[in-house]
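Read through the structures below before going on.
What follows is a pair of complexes built around subunit A, which joins subunit B in one and subunit C in the other.
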Partner chain A sequence: MNITENVQGNVHQVYLEGRFDADTADKVEEFIRKKIKKKISHFVLDMENVSFIASAGLRVVIVLAKELRGEHKGDLYVAALQPSVYRVFEISGLNNVLSIFDDTETATQSFN
Partner chain B sequence: MSLRTKLLVLSIILALIPLGISGRSMIQMTRDELKSSAQDHLIAVANDITRDIEDDFYHTWLGPLQLIRKSVENEYLGAKEKLSLLTEGMKSISGLVALQISVEGIEHPLFVTQEKFSTRLKKASLDPARTLMLTSGQIAALQKQKAVFAGGLTYLREADAWLMTVILGLDERTFGRPATLSARLNLERIKKRIENHSFIKTKTDAIILIESDGRKIFDPSRTDISQYSIAAAAKDRWHADTDTIGTQLYIGPDKKKMLGAYAFPSLKPFVETPLLSVIVEKSETDAYLAVRQMEQRLLLWIVIGFSFAVAGAVIVSVSLTRPLRRLTRGARIISQGDLSVRIETKGHKDEIGELSLAFNKMVKDLRQHMKELEETTKAKERAESELKLAKDIQESFLPKKFPELEEIEVWGKCDPAREVGGDYFDFFQIDDDHYGMVIGDVSGKGVPAALFMAASRTLFRTLISQEHLPDKVLTEFNDRLVALDQGSNMFITLFYGVLNKKSGHLVYSTAGHNMPYVKSSQDTDGIFQMLPGMKTMIAGMMDGMEMGRAEIDLHKGDAIVLYTDGMTEAINRNDEEFGEERLEQLLDKYADMSAREMCKRLIADVKAFQTGMPQFDDMTMLILKVK
Partner chain C sequence: MQRLSFDFPADTRILAKIGNLAADAGRNAGFNDVGIGDIQLAIDEACTNTIIHGLKKDPSRTFQLIIQWKTDEIEILIHEKGEPFDPSATRIPDPEASLEDRPVGGLGIYFVRELMDKVEYRTDEEGIKTLRMVKRVSKS
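For the complex of A and B:
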């Protein structure tokens, strides 16, 4: 799992690449939690290059989104999902609680 | 060959080479030196005797006789005076036993004898005058016109006396005709001196005087020894011009090795050729006694030196290899599993000592590791037995037997990735006609997932006894779970369906779980298809979520397959997913089999698919077929 970041205003765009499973979920969580500690509260998770998401990945996304919404008045948007990944969001019902966008640009703009 | 033997051989060779070389050359040098000194000694003795004889001749005899000759040549002296001169001379010259002046043509010579010797002759019944006086014929035969003659050795057996004759020519002018002065000399002095010489110490030591014909002097039987090696050598050199002296090694009369030397007393210029030869001999054993003793002593020292070298080699090789042997022994003991070994390192501050220290440290570390390993193993065993217990408990949550019903056939199987897992399924009777079927998947796996699953199961069981509509059950389940669990951030997906076995009517709902596959003659053209999704949300994350509800009628020959994503998300070595498509195809392929057989085959297929890869997730299936 490769994680890269691009900051645009107060929005941090986090680009993931690879499989988002039990082995890599912790890495993503740790990466974003470090930012949250630095009072960053607006994230867009770009998953254009994520081919697979496991339940552990789903857990990280929903937990972080919940936390950001609650305590930090922020949010975690999800963008650019591949169809197979979107299906997982759909099955689990996370598409109903998370803000999912077609691309990172749109997601970033909708923060403002 | 052991290291010890090698070291021993090397040390001995190292000691032996210098010892051997130096010993050998030392023995050689000293032997030569001592041999030549032994020869020198013999020569010195021969020279000593020679000088004594020469001394006798020149000073004792010839000198005084010359004086007498000078005196008697005085033409003014009468016969009486001459006789008194002879008498006086006789007294003053030691060993002189007779003096006579012979003049050619005169029958009676002037003749005097030593009184003492005459008495001795008389005692032996010999007439002194007849015995000692020389006839003119005898004189002529001996002298042969020479100015000085010396020789004519005679042995008087009766008186046991050795006599020598010296004839000096007298001035013809004084006597008017040829005349001679003859002297008879007793060689007793020389004989005594030889016999009492300090050289003679043993029976084989000998000092021999021989004449030029090889006959022994002072030997009453006048033995001819000219064939005897040393005498022959002397004879060969008899007429050499230079002063001759020599030594020789030869075999003596009684087969003994002898060392001999010879020398010739010189009477020059009076007599040209030597009168006699002095032979000195000694057995080689005696002569080279010092050589032999030295050789023995040196040999003894070499043996002692060699013994020390061998002893040193033994000590060094043993002291070098002993700690090595101890190490070997220690290593052998360790290999038998005894780690209480400790190598003695005291007194060894060399590399071997360091090796022993390292060895001891290794044993100590090994002991420590073994102890740790033992503890770890114990802890692991404990954990394993606890885990086994947990597995048994968890398995008791899952149905193993399924009701044998007239209308439907059900079978399910859970295969956890580890000992315990987070998958859940159940099939239970609600009332006479209604049966519930549920499948769930806790996020994660292992013990935490198993615990969360246990809690979820209890909650679910409680709810189904109060509520019959699946969507209501799951909505309530989610809210309760969120309320129950604050902070673990775990969630569970559930699919729950209620079937009327008589009508085949199925009402179902899902909390974020994969939708089941259904084969329906009415709705799916008799092949397996996934049920369409609905409003849903995984349970345990957010409360207030409404779950959707759907219904379907199952008829004879229809089937529904519930599963967890451990089946579809299994991965093979090429990083390919097993996938829904493959599952769908296999379901169709196995559609005519019994529910139990289908379960067994599908799980076996997934396992075969992921051969060589670890099982990432728990796999669970629940299959229901309408008879």
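For the complex of A and C:
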């Protein structure tokens, strides 16, 4: 899993590349947790280059979105899902409770 | 009938390889992209549970993965002698639940059951657990 980041105003755009599974989920969680510690609370998770997500990846998205919405008055938006990845969000019903956008630009603008 | 059998260590780094094996087998059996994605997710969740819960991520311990297929059907078997497990005791997640009400975890077995046509867990007298799952190409 490759993680890169771009900052636009107070929104941190986090770009993932690779599989988001039980082997890589911790790395993503740690990356974002370090930022939360530095009081960053608005994130867009760009998954255009994520070909596969498993429950371990969803777990990280759920935990972080819950935490950011609750204590930090922020959120974790999800953007640019491939159809096979979107399907996994759908089967779990997460598409109804998370904010999912077609692309990172739209997601970023929706924060403002 | 084609058959592949592997002994893998309880190490999450092998999940990517298992995903590729699952995709190749699914394609050869005649599944479309959605079906292949479903098979990949079900195998991944089942192997992840075996690695993490069954074998406690101890890479010196192994499990056996068997993938067999024929036209329009794939069958996957996972044999593992790890932590005892009663699948009937697992909670079924509610896909309608709000984010706040969602427990962390508990989606893996749900995905396996949703995506495969037949799912059976059994444990033999020696404590060897077997998860067997079957999926057929849907004709609808």
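Methods note: the second predicted complex is superposed on the first by the 112 of 112 C-alpha atoms of A that agree within 3 Å, B and C clash if a C-alpha of one lies under 4 Å from a C-alpha of the other, contacts with A are read in each partner's own complex, and residues count from 1 in each chain.
What we mean here is this: a contact is a pair of C-beta atoms (placed from the backbone, for glycine too) under 8 Å apart; a residue touches a chain by one contact, two chains touch by 3 or more.
Worth saying up front: this structure is predicted, and the values here are computed from it rather than measured.
When both complexes are superposed on subunit A, subunit B and subunit C occupy overlapping space and clash. Once the two complexes are overlaid on the shared chain, A:Val97 sits against subunit B and subunit C alike. Touched residues of subunit A, counted separately for subunit B and subunit C, are more numerous for C. When both complexes are overlaid on chain A, the residue A:Leu58 reaches subunit B and subunit C alike.
In the superposition on chain A, A:Lys27 makes contact with neither subunit B nor subunit C.
In the superposition on chain A, A:Lys35 makes contact with neither subunit B nor subunit C. In the overlay built on the shared chain, the residue A:Lys66 is in contact with subunit B and with subunit C. Applying the stated touch rule to the two superposed structures, the overlap between the subunit B and subunit C interfaces on subunit A comprises residues 21-22, 52, 54-56, 58-59, 62-63, 66, 91-93, 96-97. Those residues of subunit B whose C-beta lies close enough to touch subunit A in the complex are 441, 443-445, 489-491, 493, 510-515, 533, 535-538, 541-542, 545, 565, 569, 577, 616-617. Of all residues in subunit C, only 12-13, 15-16, 19, 33-34, 37, 40-41, 44-45, 48, 51-52, 93-100, 102, 104-105, 107-108, 110-111, 114-115 touch subunit A in the complex they form.
Across the complex, subunit C is touched by residues 19, 21-23, 52, 54-56, 58-59, 62-63, 65-66, 69, 84, 87-88, 91-93, 96-98 of subunit A.
Of all the residues in subunit A, the ones that touch subunit B in their complex are 21-22, 52, 54-56, 58-59, 62-63, 66, 90-94, 96-97.
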